[in-house]
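Read through the structures below before going on.
Okay, so chain A shows up in both of these, paired with chain B first and chain C after.
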Partner chain A sequence: MWGWRSSRTVITLTAAAVFVVVCVLPLLFMLWAALAEPRHTVSGIQGLLLDRRQVRLLYNTVLLGCGTAVLATLVGAPLGFGLAKFTLPFKSVLRLALVAPAVLPPYVIALALIYVGGNLASTLGGAIVALTIVFYPLAMLATEVAARQIEPRLEEAAILVATPGRVLRRITWPLVAPSVVSAAMVIFVLAISEFSVPGLLRVRVFTTEVFTAFAALYDFGRATMLAIPLLMVSVVLASVAAARLGSRVVTTRRHARGEPLEVFDQWRSVALALISCAIVTMLIVPVAVLAREALRSVSIVGVVRDSREAVINSLFLAFWGATVVTMLAVCLGYARARAPVKVGVTVDALWLILFTVPSTVIGIGLIGVWNRPTAFGLYGTSAMLVLGYLARFVPIGGLAMAATIRSVPESHEEAAAVAGARWARTMTRIVLPQIRIGVLAVWAISFMLAFGEVGTSILVAPPGESTLPIRVYTLTANAPPGQVAALALFQSIVIFVPLTLLGMAMATREAS
Partner chain B sequence: MQEYQRRSGVRVNVVYDTEETKSTGLANRLLAEKPRPQADVFWSNEPVRTVVLKSRGVLAAYQSPAAQGIASTFKDPDGYWTGFSARLRVIVYNTTKVKPEEAPRSIFDLADPRWKGQVAIADPRFGSTSFHVAALYAEVGDERADDYFRKLKANEVKIVDGNSVVRDMVARGDVAVGLTDTDDVNVAIEAKQPVAMMLPDRDGIGVPVMPNMVSLVAGAPHQDEGKRLIDYLLSAEVERKLAESEAVQIPLHADVPGPKNIPPISSFKAMTLDYAKAAARVEDVTKRLATILGL
Partner chain C sequence: MTLPFLRLAGVTKRYRGHGGVENVSLEVAAGESVVVVGPSGSGKTTLLRLVAGLEHPDAGEIWLDGRQVAESRRNTVPANERKVGFVFQDLALWPHLSAFANVEFAANSTGQPGTERTSRIHEILRLCRVEPLLADRYPHQLSGGEQQRVALARALAGSPQLLLLDEPFSSLDRDLRITLRSELASLRRQLQFTTIYVTHDPDDAEALADRTVAIRSAKVGSVMPHTP
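The block that comes next holds the complex of A and B.
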């Protein structure tokens, strides 16, 4: 079915070509432009990257990544274990509430932290806490998926001769550990590539240094070169994560294997208390703080009304961005899922690396690639915002989609082929129905990420148009804090809608 | 802009910028678009970015007839930019913590141990603060300026995300004094918050004056429309509107009445500035301050 003339080959190659043009070319353009500068000789680059300041930045960056990865894992892993192993009331609602902070724009969490902690928030510790709130759901979901995939008989047999604590240490933990560690590595990569939180909290890391090179020095070459250490750290960690996790770098499909065990049931109350505490701390407190600030001085209705055009624009663009991201992710994810192991691991690493590239580098790269007469007249139109979303989020969509498609046995496709079905028919009648929740999840995640995107959007937004995140960021400069909080809160509410729909769909599927 | 569109019939598509501490914004976009310019006019609310863009060949010369009433100090001799409607860099203080007669009268007073831990400034690598510190280095020399910032650092100055944050911190009483812009202070005064402003160094090196700057983009796709918009922006009518607005911009046309709460430029000594010279120092000063202040 992989012949040159097969529809499978044509569709996946077309998707791959679009991926290269939209996601890879802007980065290559920036690297080429930076390396073409005469000052960027080998010794010049060494001097730029290895002076004391940069070494210090690298130290801070690694500390931020490690601190976030460790804390997010310490918070997320027990929660994931609790969701997997206990019968809890309204479990789908609890899971939804626990996942919610992951889809809030990180700067919204940082903003809430500033309102609560004042100057204390503006430290490396504050940045770690803010990023932990954003990223712990990844550790939680990875742990839950891994814990649910454990063969129940192993724990049942062990509990006959051991205490629950010993079963946890000797049976459960060794089986979930690879997923937990790999999720921690992914969190590390995401934390070191995040700009808005360290930027807002004034923590000096590589992303803020790249930003300074752009915003204070207008030096594209220096900014691109300073992104290289980030990419290198990502290469190393993404490779380790991909190798350790094998086919599960990102897993979106949970495997239900019967009723939760009663092995750990004596800890049920503790788990429920922990989950409740996490929901209050990680979700209710930040949202309540924003609401308090918003209601203090302004009418939310008035703020939303003034931003109506930006909201409609954001919803429209995020819808199309998410739709195209999902279409590409299905095609690319399928190709990756059916690729040989070594190719697959390499592609996973490439996707994680691309996701690490600072948004400003992507934005300037997109201008360089698309602002030319031969570029179909797309530059200066809203299509540039959609291209920005594709450049930023197709890699993470591809990762998630590949993980979902790997759960569909190849034998299903082979059986369909033996029965005479063409590949397109096999995809639409066999594969897609089995991964429809995964497709929905990728769409919802892409929508939420696109709806909150600022760094690239602000550089490629067409004249006369704005999106809600751009408006929120613009107002943050001079508007009263209440108005900023109101907009941030409204943005959060809009993002929660698709998340809730996704949660309801997953709950329905779980119930059936 | 809406008024201009109504009168001229020309539709103006505006790309707004955020404060520089939050996005890489318009200057980078114009630089990236230089091989194939998309914009016609660049309007900046401070001098640094305009002068940087001039030095990178992004701007074109245009001497607007509407700028005849504006002093030559505020115009590029080569016509690459024209200043209008200025703001001032001022000291803002909390009136419940500091009596007017005790408020610092010079930015150099902020390094006095009396204000230890009680001073906030915006990140001096960005925005109007970057202009202010570059102007200071150009005015007093590297040695004295370096020494001043070392003393500020020893005085535990709080470096925050923007001038509005400085204002809010002072209004809340988190710190007693700060350095910010006139428009930021005015927002707090209008909101009846306990703040007042002091024009610094009006008897010494002078008060830093920051005009808006408007320029034509080199290779602009709509040159004529761009020039017409520049003529409009430089008119006395626009200066009057900006003076009456919440931004309380000080008119540079002599015959336009100034905003309330802000004294006219003729009533105090303004810092004698070569804007190009000050802006040319920004990169070097940015690197110096990154080291001195640990940014």
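The block that comes next holds the complex of A and C.
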């Protein structure tokens, strides 16, 4: 079935070629540009990276990553335990509400923090808090999946001879810990790769410095050189995290076998209280703060109308970006799901690495690749924004899709093949109907992330063309807070629509 | 007349969809070895889980050593206070703990002081024929038979009054099954604990049972005395 003339091979190879051009080539270009830059001698690199200013930058970046990873894990891991180990009412709704901050644009959370904390927010501590709110869902989901994957007998065997607390400490936690630590490493990388929050809160870290070097100083060589340490840290840590997780990167909750143990239910009300507190603090308060700020001074409808062009642009580009991301993710995810274990784990690692590459680095890489006469004239058009979305979100889409497709047994396809169906028919009639919720989820998540994307967009957007995130980000410097808050609130509302629809679809599936 | 050590009275447990047990009554005397046989899905494992306290009955009562441990819809005594040992079908050895640590975890519940406890663990490992050099190995480094012995040692480490075994030898080859079966019978004679043993294998029943009961289906009065 994988023969050279098979439609499966042709489609998969085409998707892989697009993936390489869009996602891998910009990074290779960055590496090449850094090596080819005449100023990049050993002494030049030492001079740039080791002067006092850069050491301070490194210190800030590491502190931001460590602080966010620790705090997000401290918040997310107990919540993940709560979701995995207790019988809770409306669990799907609770999970969705807890995950929501992760799909909001990070700068929206930072804005809310500024409105609450004023100058106090514009510190490294403020950036850590904002990024914790954005990234704790990753720690939570990793913990939940790992805790649910524990074979129930292991805890049952322990509960016969130990108190529930001791079982959690000695049996459950050691089995979950590797996933939690790996998630913390990914959060560290994502935190040091994030641009919009430190940019908005005026915290100087490597990502903001790369942006300044490129967009303000027009110094491409300096930007690439500053991007290299960031890229190296991302690659190393994401590789370690992927290696530790192995094939668990693409495990879905559908595979999870663990049901909540009855004895843990004595803590159910405590867990419910903690989860409610988290939802209020991490989701309701930031949105309410934006709403208060927006309603205080301006007409929301008027502000949105003034930014109509950016809004329409964003909706249009995010729609097409999400659609193409999903199409590629289905093809690549399928190939990953059916690949041998070693190949699959390597692909997972590559996707994880690519997902953690800083958005500003991707932006510069895309410009380097596409800003040339031989590049089909795409540079300077809106297509660059879609390419940016693809470069950033195809890796995570592929990971999610592979997890979904792995839940369809290979024997289903074999049975279809034996019955005489070609691969295309097998995919459309057998595989896709079984993963339709997963496809919807990948599309919705890609749409939400693309609708809030700013780090790459701000670099590759053609002159005179703006998206809503770019407009919000630039307005923060010179527009009244109410106007910015109104746009951020509108953006949040738009993002909550697909999130709610996705939640309803998943709840319906669980109920059935 | 002496009270039974274990008594199930009209116990019902239903799962969404299928399985469970329906209105089951059973009495087991202290020191007795009861073997439960029955077809797949008849509720044998559910019966053990109810006795261990891993599930609560939807209806009926469970009494253990003169104490009511479960009533309709709730366990009155939690699993960790019932002093029950359980050997699971898949053994459920904790993969991150060595063989010794697996047994030690269970032995901690006895409340014995450290040195006494350590010597007791070694004694149990010896009784279960776990070689000393295997004690530091992790479950994945042990053979199937060695894993069985460690699982049995762990189940005995908490000094249980009642040992529940859920088809523990089902995945082993015939020779090893016969060996382990005779070791278990010998251990029971030595330690005099009460056992309930679930199996498909009539040879197990013959070798281990003082009495055999059959669950024919998850229906009213389905547990019946059966002469071996």
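Methods note: the second predicted complex is superposed on the first by the 428 of 512 C-alpha atoms of A that agree within 3 Å, B and C clash if a C-alpha of one lies under 4 Å from a C-alpha of the other, contacts with A are read in each partner's own complex, and residues count from 1 in each chain.
One rule holds for everything that comes next: a contact is a pair of C-beta atoms (placed from the backbone, for glycine too) under 8 Å apart; a residue touches a chain by one contact, two chains touch by 3 or more.
For clarity, every value in this text was computed on a predicted model and none was experimentally measured.
**Q** Can A:Y218 be said to touch chain B (first), chain C (second), both, or neither?
**A** A:Y218 contacts chain B only, not chain C.
**Q** What's your read, chain B or chain C touching more residues of chain A?
**A** Of the two chains, more chain A residues are contacted by B.
**Q** Between chain B (first) and chain C (second), which, if any, makes contact with A:G380: first, second, both or neither?
**A** In the superposition, A:G380 touches chain B alone.
**Q** Which of the two partners, first being chain B and second being chain C, lies in contact with A:G368: first, second, both, or neither?
**A** Once the two structures are laid over each other on A, A:G368 reaches chain B alone.
**Q** Look at A:E156 in the shared chain and tell me whether it touches chain B only, chain C only, both, or neither; answer first, second, both or neither.
**A** Only chain C is touched by A:E156; chain B is not.
**Q** Going by the contact rule set out at the top, does A:R170 touch chain B (first), chain C (second), both, or neither?
**A** Touch partner of A:R170: chain C, not chain B.
**Q** Looking at chain A, which of its residues have contacts with both chain B and chain C?
**A** Correct list for chain A: none, the interfaces share no residue.
**Q** Which stretch or stretches of chain A touch chain C in the complex?
**A** Residues 151, 153-154, 156-164, 170-171, 174-175, 261-263.
**Q** Can you check the complex and tell me which residues of chain B touch chain A?
**A** Those in contact with chain A are residues 12-25, 27-29, 31-33, 35-36, 38-39, 52, 56, 123, 125-126, 130, 158-162, 164, 168, 174, 183-184, 187, 191, 282-283, 286, 290, 295.
**Q** Which chain A residues qualify as touching chain B in the complex?
**A** 53, 118-119, 199-200, 202, 204, 211-212, 214-218, 220, 360, 363-364, 367-368, 371-373, 379-380, 454-455, 458-459, 461-464, 466, 470, 473-474, 476-478, 480-481
**Q** Quick check on the complex: what are the chain C residues that touch chain A?
**A** Chain C reaches chain A through residues 52-56, 75, 78-80, 82, 84-86, 88, 90, 92, 94-96, 105-106, 108-109, 154, 157-158.
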